[in-house]
Structure formats: structure tokens, C-alpha cells
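In the part that follows, the structures are each spelled out as C-alpha cells.
Both of the next two complexes hold chain A, though its partner changes from chain B to chain C.
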Partner chain A sequence: MWQRIKNGLEVRIGLEDLINTKLKNYTVPRNTNIFYTLGGVALVAFIIQAISGFFLLIYYVPHSEHAFRSVQYIMTVAPFGWLFRLMHVVGSNLLVAVIFLHMLSVFFMGSYKKPRELTWIVGWLMLLVTLTFCLSGYLLPWSQLSYWTTTVVTAMPTAFPYVGDYIANLLRGGEFVSGITLNRFFALHVAFLPPLLVGLMVIHVFLIRRIGLSSPPFDESAEEARPWTEYRHVSYPNGNSFYPYFVLKELYMVALYLVVMFFVITFLPTLFLPEASNIPANPLRTPAYIKPQWYFLAPYQMLKLIPNKFLGISMQIALIGTFLLWPFFDTKKERNILKRPLLLATFTASLLLWVVLTMWGRSS
Partner chain B sequence: MRYILSILLLLTLLTVTTTADAGYRDIFGKEFLTKPWAGGLVEESVCIECHTSDIIKPEFRDIPQEWKKSWHYHNDVSCENCHGGDPEDAEMAMSPERGFIGTPKYSEVPEVCGKCHIGILKNYLESGHGKALKASKTGPNCVTCHGSHNIQKASIKIINESRCSKCHSYERAKIMKQALFLTEKKIREIDNDLKKLRSEGVFTDEEDRSLFRTHVEYRTLFHTVNVGLVKKSTDKFAKKLGLIEEKIDKTFKELEFRKNFSAFLMMVFAGLGIVIFLLARTYKD
Partner chain C sequence: MKRRKFLKSLLALLGSTTLISFAYPLVRFVAPPSRKSEVKRLSLQKNEIPSGEAREVVLNNTPAIIINRPGKGYIALSKVCTHLGCLVEYNKAKGELICPCHAGVFSLDGKVLSGPPPKPLSEFPLRVEGETILIG
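== the complex of A and B ==
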């Protein structure tokens, strides 16, 4: 039976040739480390989010009167609803962590340099889309936590003169976060962002396959040093096959990702669901202690520290713009960051600053 | 070139910042990072504004602080709910036209509290306490036992020798406390279990309401100060509390199942990871 299907496909699409050219004969550098697998892990994490999100969507009611109750129904009555919701909640946080790690490793290994500037930019756009996913998804349970966090975040654009209020009102659909905001965020979360992300993902993967994987910069012999004056595919004649070597490496990192996810669900199920997430939204009662998600804590703390809010938010936008276009600012050929002490120092200081601001934002 | 571009970008932002209108910053500062985040929605009432300012007599200035520590505050019961008036209009806040009654007369306190605590008022008025107040106008009213602004969640501790013996001997009150003890203990245990469930992320609204209803009914009964009636009703309340307990136990078991199930999945993926890792090494060899 299996052989017949295989033969049928072979005749029609040339299955063996496809496997040979795209998987077995496609080579990756011999010295790829586990950080090379993070992109693949993020892809699987996105798929897990999509599948768990689909199951949540079956029971979720996007209406301010019913949203909270429908989420409680998912958690208590719907068969294994609790599992899909926790996978979705924990998964979203782990996904952001994986993308952060992925981008840090790409930066550290100088993989954004010519000819991979576009891959970097598309990756950054994917990070921004992911954060928008998280932000819009956060409001959907319509709990005190989601309501007030959204109130804080949607107030941020008001720092801009002239257009700030307009942007905030556009996001909220009025002066305050209300059922209209919920509908807007829901539509964004399930209808607008998924195709956008899939589109960016396709471009990202296409660019990686078209240009070829970069090699770690610590072994200079791996990648051809010829100047990039015309298109060529970076190949590694002495490298490892994509399948099985790299695929297996990817798979055990995916297994590790799932182990971490289920570890959190088993032993720390309320890590990302504090008490305020279990109280229905009440626009008349501001909770005493409420903070944005961990990945927004650093920008949140930065805004708190800078007395002029417009300057604060402008600096953040400038920082995003700088990182987005970083390959065009850093055009030096040297990819090994260890040979560039100034860049290494800036990179380490920025990372430390981010960690300090996050911790500070959490404790203040 | 790229450095010049970066500097120009920063300079542009700084220029816009310094020339921008200052008004929006104040609005933003008010709306974001400092309370209240919801703008006008959570503005404090004019009652609080006056009672915390210098225009009021010093002995009345602690009232808002006391109230903020109370059970009423935690349940959204505000000044106007007891004293009437309009908390949103400074000029009419204390107008009788808006229902302002100020400090109620001693004998009228039960009527004021009874606006919300309807069942308790009925039983209290039929009790020795209520009859004494009606007859002498000086018998114990709600405030005698519960206090006024810093009203805490009622518990069996309210019945104690120092409080009760202000008016009569403690003996009868002691018998009442003993009759209440087991049911109150059970209520406390269930309350703690519900707190535990909430801390584990379970929404316990239905059980909270059931417990609240049973508790209120029980407390209402107690206000008759009729030991015989309390003893007679204990079984009925035990059954009601038992039903809530059953639900809680079921939820605890469900949580245990969830933990085991996700731990099982974790082990499955850990095993799978190890197998793939070993397989990858075999290929390398």
C-alpha cells in the first residue's frame, strides 16, 4: 500500500528527486551549533500556537459579556480545554523567548550581514508581528489583567502630539478600552495577523533557502570569502546533509521546547496567569498591582524613567528602527564579534541593560 | 554616511520633543504610569476629597483611611451607600434632596445597615438585642458589635467576653459561640480551600457564591440570638456546606489529574528527545 502511494507520487511529482535535492543533497555547514535550530523551533512553536488557538476558537465568544465566561468554560468544561489554553498561554511566552534567543544568536554570529540583510529585516518584522499577536491575544480573556494591561499599552500612543489621541482612539474604538476594543483585537488576532505572519514566514524561509545558511563566523574557512558582487547560492560541498543531520538536531530541540512547555504547565501553571487574570474585567476598579508581560517590562520601565514621555516613546521607536536597519549601519565585513571589541561591548551592555530594566520593571 | 544618518535621526527626534506642546504630556502622565489609568472612570468621590482636606474637622479626617481598610471598601460599598448624598457633585453632595442623611441617629442605625442586610435586620429586630433597642433606644445596634467605618469581615471572634459583658454576662453568648463553632470552622475551611483553588488559577465564582449565600443565611439566623434555633439548623447548613465541599474536592482531583497528565506528556517528549539525540549521534558515527 505504502509502496503504491510512493510510486504514485514518484510518477507525478518526482518525489525522490525532490527529497534528494531539497533535503539530502542540500548541505549545511559542518559546525552549525544548536542556536541554528532556533528558527525551526520557532516555526514549530507557531504551528502549536495555531493548532491550540484553533481549538480555543471553537469555544471562545468574542463579546465583552461572554468572553470571560467562555474562557472559564474552556478551562473547566470543554474536554482538555485547559490543556489547549495553557499550551497557548505558555507557548506564546516561550515563543517570544525563542525568537529573542534566535535574534540574539543571529546578531552575535553576524549572520545579518550581506547578503542576508533582507532575511534580518523580515525576521524583525516577524518579531513585531509576534508581539502584536501577544498584545491582541492578551485582551481576549477579558480579565482584570487583560483589561488594564491593554488600557496601559493603548495609552502609549497618546505621548505623540497631534496624532497620539487619534491613534489611541483608533486602537480602542473610543475613549476607553471596551467591547469595541475586544472586537478589534479579536479580528486582528485571528484574521489579520495570521496571514501576515505566514506571508513573512514564507519570505523568510525562501530567503534562507535561496541564499543558503550562513556558517558560524568562528571558523573562517567554512564560508567562501569571495566578494558579493553577483547572486550566488552559498553551498557547503563538505558540509552535512540537511536531512538527516540537521533535521534530527532540529527535532531534539523541538522536543526540548515541548519538555520546557509541559514542565511549566505541570509545575508552574499560573506563571503567566496571575490572580488578576482570573477576575472578570471591571472598568471601574483599577487593580493595585498590574504590569505588562515580561517582554514589555523593559520598554515599560524605560518609559517610567524618562520624564518626557514623548522622548521616551520616540527613543524606543528609534531603537526599533535602528535594529531593523542594523545590517545597513554595520557594513563591516568582519563577522566575528569577538574580533570587534566595541560592538561586543555595546552588544553586552545593551543586553545587560535590557535584563536590568526588565528586573527593575518587575520589582518596582 | 550611516553615522551622520543616525545622528540626524536622533537630532530630529530631540527637536520635535523640545518644541512639542506640553499639554499632552500631562494628560499622558495622568493616564499612563500613574493612577488612575482609566482616566475619569475611577476618580475619587468628593466625599473623600473633602474628608482628607484641611477644611474638615481633624476627628473626621481619618474616616476615609479607616474605610479603605474595611470589608465594605473591598466590596465596593462606598460613603453614599450608607450616608446618602451625591459623591460626584461637590455642591449637592450633602443635600437632603440627593438623599443625604449624614450620621444616622443611634436608634436608626439598624435601618441604615438593613437597606442591604435585609435578612439580618429582620432577625435582629425579632431578637433580644433588637427589642432592647426598640424599648430603650440605647440597646445594642449594629455598630456596637461591628464598629462603623473600619468594618471587618464578620467572624465568630466578634463574640467575646470583653464585648458582650459590656451589656450582660458572657454565659449565654458563650453557649451561642459553642453552637456556632463547628459550622463556622467548616465555613473557614471551605473558604481556605477556595483561596487555594484561586491561587492555582481556578475560577471559583460559583462556589464562592454558594458559600457566601450559605454563610449569610447562617449569620442571619445567628442574629436572632436564639441558641435553640441555631442548634436545630446546624444539620441543614452542614448538608449545604457538604455539597460545596464535594465540588471543591472534585476540582482538586481534576487539578491532580491535569498535573499528572501534563507531567506524562513532559516525560514522553523528554524520552523522544533522548531517542532523537541518540539517533543523531548514531548517524554522525
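== the complex of A and C ==
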């Protein structure tokens, strides 16, 4: 039966040729490490988010009077509703962690350099879209945590003169977060953002395949010395085949990702669901000690420390812009960060600062 | 003008006109709908707010607080923190209004005492007529 299907496909689409040219003969550098698999893990994590999200849509009601109760229903009444909700909640946090790790490793290995500037920029845009996914999804359970986190985030544009208030009102659909905001964020979360992210993913993967995977910079022999003056595809004649070598490596990492996800769901189910996420939204009472998710704690703490709102938010936008366009600022040819003490020091200091601000934001 | 060039220009013109003609309805569609205020004015009895106490109300769609400041009389302030929109809480013991989100602290006059808020809390007009407090 299987052979007949294979033969049928072979005759119609040339299956074997497709597998050979796109998977088996496509080679990756011999010295790739586990960090090379993080992009693939992020892709699988996104697919898990999409599938769990589709199932949540069966019971979720996007209305300010029913949203909280429908989420409680998913968690307590709907058969295995808790599983899909927790997969979605834990998955979103792990997805952000995987993307962070992916970007850190790309930065550390200098893989953003010419000719891969566009790949880096598209990757950054994907991170921003993922964070917008997280923010828009955060409001949907209509809890105290959702409501007030969204209030703070949608108030950020007000730091800018003239257009700030209009943008904030446009996001919220009024002066305050309300049922209209919930509808807008729901539409954003399930209709606008998914095709945008999928589109960026397609461009990202296309660029990787078109340019060719970068090799780790720590092995001199793996790097091509010729300057980039015209397009050429980077290939590794002595490398390992993408399938099965690299695909299996990816699958091991996906398995590890699932282990972490189900460990958190089983043993730490409230890790990403603090008390305020179990209280229905009350637009007339801001709860004490409200904190954003861990990945927003550093910017949150920055906003607390910088006395000027405009300066605080402008600094954050400038930081995002700097990292987004980093390949154009760092034009040195040397990819090995270990041979560039200043860059290594800046990288380590930025990372430490982020960790300190995150811990500070959590404890203050 | 050659036929091919003319057709290209015509297509570009028609295409951009179509796109632009959708811009205005789109902007109008996503613009926030106007919301009528349910309570524009409010009256309370003086004995409802003893000295040092406060009363929370919603005025002009805005959460507000009316405080009877010891020795200084009544004041009606918006509860919306001028930093990023969280609602301030009245701390009676300290005689301050504190924002739980980014630790902004306001005096009972609405002035910024510490933290990141850029400007004072907005104040609603308030007057006392005999035993009645009129706000708004």
C-alpha cells in the first residue's frame, strides 16, 4: 500500500528527486552545534501554539462579559481543556525563551553578518510579532492581570506628543481598556498576526535556504575567505546531509522542548499563571504587585527607574532599533566574537544587565 | 505614448486610486467609536465622606476619587495615573495616592511626590453648597 502511494507520487511529482535535492543532498556544516536547531524548535513550538489555540477557540467566548468565565470553563469543565490551555500558556513562554536563545546564539556566532543581514532583520521582526502575539493573547482571559497589563502597554504610546493619545485610543478602541479592546486584540491574535508570522517565516526559511546555512565561526577552515561582492550559495561539499543527520538532531531538541513543556505543565502548572490571572478583570481596581510576564520584566523595571516617560519609552524603542539594524552597525569581517574583546564585553554586559533588570523587576 | 506604456500608467493609476479609496473607510473603521458619558455630574452629602476618608466614583467615564483632606477640605481627582494609566490607591495612613504599577506617588492635592508620573492627577471641578458636594 505504502509502496503504491510512493510510486504514485514518484510518477506525478518526482518524489525521490525532491527528497534527494532538497533534503539529502542539501548539506549543513560538519561542526554545527545544538544551537543550530533552535530555529526548527521555534517552528515546532509555533505549530503547537497554533494547534492548541484552534482547540481553545471551540470554547472561548471573545466578549468582556463571558471571556473570563469561558476560560474558567476550559480549565475546569471542558474535558482536557486544562491541558490545551496550559500547553498554550506554557508554550507561549517557552516559545519566547527559544527565540531569545536562538537570537543570542546567532549573535554569539556572528551569523548576522554579510550576506545574512536580511535573515537577521526578518528574525527580529518575527520576535516582535511573537511578542505582539503574547500581548494580544494576554488580554483574552479578561483577568485582572490581563486587564492591567494591557492598560500599561497600550498607554505606552501616550509618551509621544501629538499622536500618542490617538494611537493609544486606536489600540484600545477608546480612552480605557474595554470590551472593544478585547475584540480588537482577539482579531489581532487569531486573524491578523498568524498570516503575518507565517509570511515572515516563509521569507526567513527562504533566505536561509537561498544563502545557505552559516558555519560556526570558531573553526577557521569552515569559513569562506572570499569577500561577498556578488550572490553565491554557501554549500558544504564535505558537510552532513540535512536529512537524516540534521533533522534527527532537530527532533532530539524538539523532544527536549516537549519534556520541558510537560514538566512545567505537570509539576509547575501555576508558574505562568499568578493569582491575579484567576481574578476577573475589574476596571475600577488595579491590583497591588501586578507584574508582566518574565520577558517584559526588564523593560518594565527600566520604565520604573527612568523618571521621564518619554525618555524611558524612547530608549526602549532605540534599543530595539539598534538590535534590529545591528548587522549594519557591526560591519567588521571578523565573525569570531572571542577575537573581539570589546564586542564580547558589550554582549556579556548587555546580557547581565537584562538578567539584573529582570530579577530586580521580579523582586521589587 | 506607446500603447504598452499607456496601459502600464493606467493600471498604476487605477491600482493606487483603488488602494487610496480604501484608506479613508479603513481609518474610520478602526477609529475608536464615540462613547457617551453615563455620569457627568454627581452630588454627595458631606456626611458620606468623613474627614480623612475617601469615596470612589466613576465620573465622565473616568474612575475618580473624592477625598476629604483633614484641614484642607474636599477634592475630586481622577484615579488614572498619568504615567501609564493604572489606578492609584488612597493610602490613608500615609496621606498619599500610590500607583501600584510603577510606584508613582501623588499628594492628596494630586501633585507628583515621587516616581515616574510626568504630571499631576487631573482634578474635577468640585464645590460645596451647604451639606451637598457637587462634582463635575
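We take it that the second predicted complex is superposed on the first by the 364 of 364 C-alpha atoms of A that agree within 3 Å, B and C clash if a C-alpha of one lies under 4 Å from a C-alpha of the other, contacts with A are read in each partner's own complex, and residues count from 1 in each chain.
We take it that a residue touches a chain if its C-beta (ideal position, glycine included) is under 8 Å from a C-beta of that chain, and two chains touch if they have at least 3 such contacts.
Keep in mind it's a predicted model, so treat the numbers as computed, not measured.
Per the definitions stated earlier, placing chain B and chain C onto a shared chain A by superposition produces a clash between them. Residue contacts after overlaying the shared chain place A:Asn33 against neither chain B nor chain C.
After overlaying the two complexes on the shared chain, residue contacts for A:Gly174 are found with chain C alone; chain B is out of touch. Of the two partner chains placed by superposition, chain B and chain C are both touched by A:Arg285.
Applying the stated contact rule after C-alpha superposition, one finds that A:Val152 touches each of chain B and chain C. When the two complexes are overlaid on their common chain A, residue A:Tyr245 makes contact with chain B while staying clear of chain C.
Set against each other, chain B and chain C touch different numbers of residues in chain A, with B touching more.
In the superposition on chain A, contact is made by A:Phe328 with chain B only, not with chain C. Looking at the shared chain after the overlay, A:Ile306 reaches chain C, while chain B stays out of its contact range.
One listed stretch of chain B collides with chain C once both complexes sit on chain A; from 44-52, 134-142, 206-214 or 260-268, that stretch is 44-52.
Residue overlap on chain A between its contacts with chain B in one complex and with chain C in the other: 148, 151-152, 155-156, 158, 175-176, 283-286, 303-304, 308-310. Those residues of chain A that touch chain C in the complex are listed here as 148, 151-152, 154-156, 158, 169-170, 172-176, 180, 283-290, 300, 303-304, 306-310, 312. Put simply, chain A touches chain B in their complex at residues 72, 75-76, 82-83, 86, 148, 151-152, 155-156, 158-161, 164-165, 175-176, 244-245, 248-249, 251-252, 255-256, 258-259, 262-263, 265-266, 269-270, 273, 275, 277-278, 283-286, 303-304, 308-311, 314-315, 318, 321-322, 328-329, 331. Within the complex formed with chain A, the chain C residues making contact are 30-33, 35, 56, 58, 61-63, 83-89, 99-103, 115-118. Chain contact summary for the complex, chain B toward chain A: residues 2, 6, 9-10, 13-14, 16-17, 20-21, 24-25, 27-29, 31-33, 35-39, 41-42, 76, 198-203, 205, 258-259, 261-263, 265-266, 269-270, 272-273, 276-277, 279-280, 283-284.
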